[in-house]
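Order of writing sets the chain letters: A, B, C, D and E. Residues in each chain are counted from 1.
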């Protein structure tokens, strides 16, 4: 007669394998979703291409997102602003016609927010522009994106790391962002 | 993988599948919900999301006429603060004024024109269009006008001033009707009458509390809601602690301690209605002690003959020593100020009592001097004669209605069905009026009787102007501008009237397309009458700067001239015994109704902030109670929460008892403001309306409702109702939470001037974000057409005066 | 041939006596398998020492240190001054230290127990199910057949109810 | 010392215990089903409602932000005290009578700790973020605040739960081995793993003995610290009548007191329904009764001291708080507590009382009701009468809270019911130690002493 | 390792009683009780500025009002010599705040401006801070609050709306303070000047009883108020060292 836990372990092996495979499946599913269906790259109502505007034509970010300089909110340009150029430029493109339709009907375009912070985070664009930050540091190389995607996690860790690196005065005080 | 049989293989595949699915869902659930960024198709010029724009305007929550600054973000009003440039509010604002936002954003606002669908008073309305309503109403008005029956139109409004009042006057004039009535429960009609009698001037004077060193107040709750509470508050604070080593003293005389009484250094309860007698007792003592040396001394002595200390003491219940002490210190401490209002002013002898108070000011030489009573100049614009309706006048209107003389009643911004005693029969009289049109923003008790509802904008969506009364001792005018676009399909009252006039074919008489144009037109006159200022070359500049500043006027008070009362007036001075409705034997307690701090006369009841604002003295929210002296409560065997029936000769209501330590034993007090049957979700089904048990007793000289002149009896019902209150134990138990210094302690005045300046000049964030506010100079709101942001222009035509 | 001799006894005294005799006969690799802990084993089979106390001691020390480092270190990583006290405040941190000392002490004791008792058993070891009920077994590892015979003899003499041979792989013969 | 039943044989012990594990009658299943249903209906359902609605489902309000959830938390933590702590103390002092009852007492510790942990989850406003109270690295770079008495609690309870689980497990290894040989199927595999391949050699016994003693030595101060720390959640505040130096010993004594009463209840139930009459005898009840009496006297003493010092201080806040407790809104509860916890236990002076099972059961339940009241009063009376009289208020528990309290008791029962079918609820080898050895007619303990 | 070196190098700082560094500002409010009338304009101002909810009659009846600022009322004496003492009570921003130490997740702490910060999104709702606070000025969200449309349009976008299960309290209008600091920075100034920032309650107080400012600035209005003989703090015996200083009410008739 003898005793050992090994036989039991053998018996339990299939259970362990099922659990293991299930766990691996969980990881695969999680990352597959994140990789193939990222909520971070929404399809906009009008396929505006930053590659064309900010990349090819090198229009500065603040030309359209002009509020970022003086307001906590960067804002998106009004249809009016689009038409400022597109009354003359590329007027026969179907996308531009769509924009023009909005303009004529006085209908706003419901852009989908890509970089969406929780409501309890108060991020002032103007302060960051004033500090000389490039838009790309948080928003990624938008000028290369046909469809804007959220590159950075925009989570607290990212804010903190930057605030620490830049030695922002009292930059890690919670009240800086949360109020 | 060794020895994986088919079964196990399937299990593994299943496990993998379930795991992957779970992982997928997990990842999905962590994604942000979609949010949209919706920009303007064409943004208003210089509109900046994320940056606040401030607009100056005028508060319309009560009749004080405080200047306000409204903070807006993305076209929505966010906060109301006092306009620092406005001499009445000087950047400050009371609770009710701040909750004006909830009038604007009230969920129970009427969102468009309504026409009655069911029977009167059943509150069944169908939506209709402005076009239809205007067409019909204008047609009816025009028919009546041309048929000479214009007199059958009655227009009943709240306390309106400025050019809207002029416009209504003009409109009614064209209709040929003199039934233009302003009804405001809190209107100090007796004070106007007393001033008319004593000063020969039917106007409110300026009470310079700030510079006064001794304030003797006969029932005037001037910090709570009397005349201009914010301005009085400023004066009170500064009289207390802003003068180095010279703390103003303040005595309040009233049967039930009000908010103001609680702030007083000394609170004295005189028998209800005998405050005037006390004033004359004090006057006599002053005269006796040689405090008055005028040429008409003899006349005074004669007039005050009947007010010997003992007689006064017997009538008022105030000890002769106290009377003497008050008189001596009042005479000694100059400048002093005697003011009267509240219950004594609204008693059967109200005018006499207020004349007596005026007399006190005269005897110690406080008329026209700093720290005393200062006369206001006539208002810069607006109708000359007051159209304020007394109870008697309202009864007349009701009588006219019953006699069929009123064919059409237009009600705007007033709620007489709620604010008039049931005994007046006003609500019943409405049934005899064939057509009732309400211009109210809310479905209140009066609007419930309407056949047609043409909802007006709130004041935050309308153009208007105002001349504050009692003002500040010099000319002030203020323009109120819309700070947001109208939320609903509603119109400004002025615009409705103008539209009606146009549709009636009165274009020539009313050439202005809208209220804004009418204001501009009218203010041209104000501008041309004003002192020329080289920095303001034309009217447009003037108008822009006035709208931006929100206020216009003089800077200094005119020196007061010598004042001598008419001999006849002196001769006629005297205060009779108060008369009550209800015999003392049958109705042992004098009912002392008072305006609630937050709900005012009931108009604040639909504002949730005001409903949840704990009563300043009892901490009760959402309810009505009856205050009893502990002694009275003991006699009746009542304690907090016991429900009693309050029965007067005119009616009965039920309310829970609240034992209140600072009320005379023979008096019971109830707050006005609750007991709405209509008026929206926040107002309905809370408390009772004590106005309903008031007898339709009038003050003989003015016909005003003597609301302090009803006696009641209390009948315990055996029921209990727990009062909702935020306070726990109301005694300190020796814990020294509120610590007391004796009078010898130096004032905090070291820096008071600095504080005062900061208070006047630095409202909240505005200065702090001055640069950015400046960027918003020309930012018209998402709202009104040419509304102009508040900015600190160098040429604001008025500066605050701290004389 | 290496095998194990097993003697089953009805009571602890006899089993102990047998073990004592075997020990006296020069058998070193003796195991006493019993349903209850036996008192007096050490007198018979010699003093046993264990490393558990060292585990406990060092575990506790490591726990205490890491407790303090955890509290003080995390406090220094993100500075949140509270209640007017210094960032590193001893009295509360000592409580954390105390708790962590005990936690690690306990965990280390368990680890020490498992190591010193050579648990869990992976490679099969000799076991007598009766010994978990009311029998007391003595097993002796024997290098040679000769030893085995000698051992079985001693066991029988000592009053074993049953004597058998157990192959190294298990299985009673 | 009273002799045990001479006729119990070693083999009987194994049989009895294995029978208690594998032979499960319908009565057990019905009881378990009822317990599970009550747990679901009275604990989890209201709790999920509360998660959805917010803590407002409970009756807590502005001055009294802590309520029955916290009272229950202390109660369960307190109940946990007599299991492992008492077991350790008795182990170290070599108390023979401990052996038949300690396993279930320790299980009580474990489960009341678990229920206490659940009460924390129920108590906090946002339990879905409760992990923020654990020190783990995260992208927010935020850590818990180790200066907080609540963090002491987190650490102490984690340690205590770990320690108690290990202690009960270590003591059970030989029993798992004994049961292993008698079971088949999934039970067998489970016991194989649980017993780790225990054989019962002299070396293993020796190591186990040492390890067990070390654990006992470590756990005694731990248990004392746990309830001291729970008391500090209150005593570290400056709330009048909570800010007391005596609170730590008061709580520890109270904990052991209620825990011991809890053991009496559990013993009664086990004895009655698991047919352990041979193992759990009058001796145990007698000894537990003596312990209870002693604890009751200490507890009463501390209460008297608290009232006396509070009264003597003559401080307005302290005095009011005391007055409110003794004569205020909750006064009936206070006097009920005094009756149950200070007066009634005096009956224990009588040996006849101590050795009668049903009266002991009633008393033990009464004591625990009284002790729950004590915890409730600590929270309720102090918080509703603090420094600013204007902020005073009254707290009355809501239905949800009462339901969750009932549900938590059911949850404890459920866990215990599951336990008795997995763990040998009476220690096989330790009971054998108290029996005469098969060949001697004397117990080992007697033989060596 | 640099982390450890850093830790050891700053050991002395970490051991400094009080704080690891000096405050930049020390925001302080003074309340002149001789001016305060208890009119509660401040209460509404606070409610409007800080999105404190409308809780409804039932909730208040259950003791769950949420106004961050309240007026406490105490009666003294009996009729006719009866007096009402009113005192505004709100977060005292204690330097030695009992609430801060007890929070297990550091959701409340003291920041470098001397503010007692409450970070709503970090709060897990143990409510221990409210127990530890002797001033009873922390308010707990017993449930999610609802603003009947369109009342929600009034909500201040600069202040988070709090969800169920978190504690909240007066912040000295941190959003205004930060805005003032930003403006100062934009102007190239190091510090905010006295009077540039006022919390909503101070801003609106009709009697100018409330004064707010930086205690570190010796010329500020509050600093001068602090020198007044009447200055005291509520529950001084508890050593919480509040940043709200009251000036005693003057009783002209007191001996």
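We adopt the following convention: a residue touches a chain if its C-beta (ideal position, glycine included) is under 8 Å from a C-beta of that chain, and two chains touch if they have at least 3 such contacts.
All of these numbers come straight from a predicted model, not from anything done at the bench.
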{"item": "Both-way neighbours, i.e. chains that touch subunit E and touch subunit C", "value": "A, D"}
{"item": "For subunit C, the least number of touch steps when starting out from subunit B", "value": "2"}
{"item": "Chain nearest the overall Cα centroid", "value": "E"}
{"item": "Farthest chain relative to subunit A (centres taken as mean CA coordinates)", "value": "C"}
{"item": "Most contacted chain pair (by C-beta pair count)", "value": "B-E"}
{"item": "Identity of the chain that, by mean CA position, is farthest from subunit D", "value": "B"}
{"item": "Rounded Å distance between subunit A and subunit B, as computed from the means of their C-alpha atoms", "value": "51"}
{"item": "Whole-Å separation of chain centres (CA-atom averages), subunit B against subunit D", "value": "63"}
{"item": "Between subunit E and subunit B, distance of the C-alpha-averaged centres to the nearest whole Å", "value": "30"}
{"item": "Subunit A, residues touching no fewer than two other chains", "value": "3-5"}
{"item": "Junction residues of subunit D, two or more chains touched", "value": "63, 141-145, 147-149, 151, 177, 196-199, 387-391, 393"}
{"item": "Shared-contact residues (touching 2 or more other chains) in subunit B", "value": "50, 619, 727, 730-732, 735, 737, 772"}
{"item": "Full enumeration of touching chain pairs", "value": "A-B, A-C, A-D, A-E, B-D, B-E, C-D, C-E, D-E"}
{"item": "Subunit D residues touching subunit B - in the complex, by the definition given at the top", "value": "63, 316-317, 320, 387-393"}
{"item": "Subunit C - residues contacting subunit D, complex", "value": "9-14, 31-42, 45, 48, 50, 52-53, 56, 60, 67, 70-71, 74-75, 77-78, 80, 82-83, 85, 89, 92-93, 95-96, 98-100, 102-103, 105-107, 109-110, 112-114, 116-117, 119-122, 125-127, 129, 131-134"}
{"item": "Footprint of subunit A on subunit B - complex, ascending", "value": "8, 11-12, 15-28, 31-32, 34-43, 48-51, 772, 775"}
{"item": "Touch list for subunit A against partner subunit D, complex", "value": "3-5, 7-9, 11-12, 153, 155-158, 160"}
{"item": "Subunit E residues touching subunit C - in the complex, by the definition given at the top", "value": "7, 10-11, 13-20, 94-101, 103, 106, 108-110, 241"}
